[in-house]
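In what follows, chain A forms one complex with chain B and a second complex with chain C.
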Partner chain A sequence: MKKTDFVNELADYCEFEKEGLLVNTPLKDVEGYDSLAVMSMIAFIDEKFGLKFTAVQFEDISDCNSIIKLIGEDRFEK
Partner chain B sequence: MGTKITAIKSFLPDLLVTNEKLSEEFGRWEPEKIENKLGIKERHASSDGETAGDLAYEAAEKILTNYDRSKIDLLILCTQSPDYYLPTTACVLQSRLGLKNEVGAFDFNLGCSGYIYGLAIAKSFINSGMADVVLLITSETYTKYIHPKDLANKTIFGDGATATILERSIDEQILNFVLGTDGNGKDNLIVRNGYSRNPFDPKAKEIITGSNDIFTDNNLYMNGTEIFNFTIEAVPIAVNQCLIKNNFTMEDIDFVIFHQANKFMIDYLRKKIKIPQEKFYANMLYTGNTVSSTIPLAIEDALCNGQIKKGDKVLLCGFGVGYSWGATIVII
Partner chain C sequence: MINLTNKRVLVTGASSGIGKSVAILASKLGAKLIITGRNSERLNSTFELLEGVGHEQFICDVTDYFRIEEFIQSSVKTNGPISGFVHSAGIEKTLPLKASKNDIFKEVFETNVFAGFEISRIISNKGMFNSAGASFVFLSSVMGKLGEPAKIIYCSSKSALLSGAKAMALELASKKIRCNCVLPGIVETEMVKNLFNSIPEDAKEKIVTKHPLGIGKPEDVASLILFLLSDHARWITGSEYVIDGGYSAQ
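Take a look at the complex of A and B:
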């Protein structure tokens, strides 16, 4: 999967504004990023990758790149 | 011989908390966003001085209006917001409801799995011959535990009570149970202070969450991420085990009712477990998450609107605080 496709799919799933959203956009600056969006992110990652992250791991997520690192870079196209 | 549910009634307190009111008060989260995501438009809250015992009393009176109350020989109340440290709220209710003295009465402390456990207790008492008629009540006032500046929890939880009468039946209508517990999750949904471990602290420090909600250790704390992780792990297994234990497949089940935690969560569970939408109940629009009352409220509503009818096999699953979970199949 391409990282840009991941970002777009995540944005769709979490109902983020896609325009201007890049892998390194700070999530705190994304319109709609809140505790409801986190619930969507958990579901998306479980559905797409069969992975679960703890609340502590989620606290360290700052942008889509840090989610990709948690999932594992090897699961994405270079 | 077996046990059957013969009636369910509910009571919701008068005070309404709408999405509009919350949105205006906090200045964030549009009412439509809350409704679309959580499936909640409004919830009821107990007023000052209105206790879980009061809500339980009202729900019970609704059901006893058309029922010979002298027949009840066991009263069980599921609550995590009892009226007193002691005595047991169920004992107080025995007197308020004018039930005979030859009635067993006790509370049990469980949250969102509580109705399933209540059915298991009622079935055990009836099938063992220790009781003929059980009045099972669920009642919570979680809103009293929530910090006034905690929007996330204020949007989710509502107060309410239900009363269910269970009687002896010719055929078993409450089938086999799956019950589960993982106390390692205790810190993820908790009111830390106010009981023996940590007394109420009037100077408890305010903690600000990543979503700018505020709580103290005197209040309800919910780690939504961990609760969601627990749920998507435990519920599919519990549902599968329940089907196996009863020698059914999902095709044999007419309808499925989960604890109505929030719309997003139960919709996700439905898709993950591959339950057809038309067989699945999802409605907390006017009640919110009423903890142990969501399942009986759903059965009452589904019966009323024709989603379920007499003779249907309905799979029930409750899950949450503890962690605690349970599932069973009832024949309506």
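Take a look at the complex of A and C:
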């Protein structure tokens, strides 16, 4: 999966504004990013990759790049 | 003083938390326990803490209705009818609505609701319960009355217990079977430990500060359940008891 596709799908699932959302956009600047959005992201990753994360593991997440690192870079196209 | 001497009490979810506490304290008050749980090691550790003799343990998934029914029937045949049933087995889920799919609803409702009502059906058959009277207690939650984001599945399952228990109370009153619900707030259990491990520190703190008397201990809730199991509660049925350290008073 391409990283950009991942970001787009994640944004769709979490109902974030996609325009201007890049892998390195700080999530705190994204409208609608809150604790409920974190749970939605966790649910999305579970559905997409079968990986179960907790909100605690998301405490240090700052952008989509750090989510990709958490999931594992090897699951994405170089 | 609460006395449960020789009352046979079935407790589901007895391997940890409130179920474990109920089982241990009930045995101290003279009850003969029938405890169930999925984890053999943990259920056995509860079993070893029971006082007195004549207790039974049954390792099973509480949704394995066929095995449960067979076990209860054989237990009653060998050791006599049941006077108390505490449905403490439960699953907690924190999921936003968009991830709350049908299969997860089914999984949670099977354990939290259907298993409790299925066992009630089995025990309320003639000859299975003590004809002098019996008491069923369902572990609901303060979340059965209130809402919380990302708790649609959990809240609705705990709420289903409340109305089901009321209907059951009316239907079973003529058999002298009382049915009540207990609605705890956050209690120091394995389930809550898992919940706290899965949410951020600030969310955790928010939950704790919402409990004016602090987070409860399993024995705080167990005491109320023991009362409901006892003859002191003989005029109580179809009721719900919030026990939440002041959480819902706000």
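To be clear about the criterion, the second predicted complex is superposed on the first by the 78 of 78 C-alpha atoms of A that agree within 3 Å, B and C clash if a C-alpha of one lies under 4 Å from a C-alpha of the other, contacts with A are read in each partner's own complex, and residues count from 1 in each chain.
One rule holds for everything that comes next: contacts are C-beta pairs under 8 Å (C-beta built on N, C-alpha and C of every residue); 3 or more make two chains touch, one makes a residue touch a chain.
Please read these numbers as outputs of a predicted model, since none were measured by experiment.
Once chain A of one complex is fitted onto chain A of the other, the partner contacts of A:M39 extend to both chain B and chain C.
When both complexes are overlaid on chain A, the residue A:T54 reaches chain B and chain C alike.
Once chain A of one complex is fitted onto chain A of the other, the partner contacts of A:E17 are absent, as it touches neither chain B nor chain C.
Shared interface residues of chain A (contacting chain B in one complex, chain C in the other): 35-36, 38-40, 43, 46-47, 54-55, 58-59. Residues of chain C touching chain A in their complex: 94-96, 98-99, 149-150, 197-201, 203. Touching chain A in their complex are the following residues of chain B: 28-29, 33, 37-38, 152, 188, 209-211, 213, 223-226, 228-229, 232-233, 264-265, 268, 272.
Taken together, the chain A residues at the contact with chain C in this complex read 13, 35-36, 38-40, 43-44, 46-47, 54-56, 58-59. Partner chain B is touched in their complex by these residues of chain A: 34-36, 38-40, 42-43, 46-47, 52-55, 58-59.
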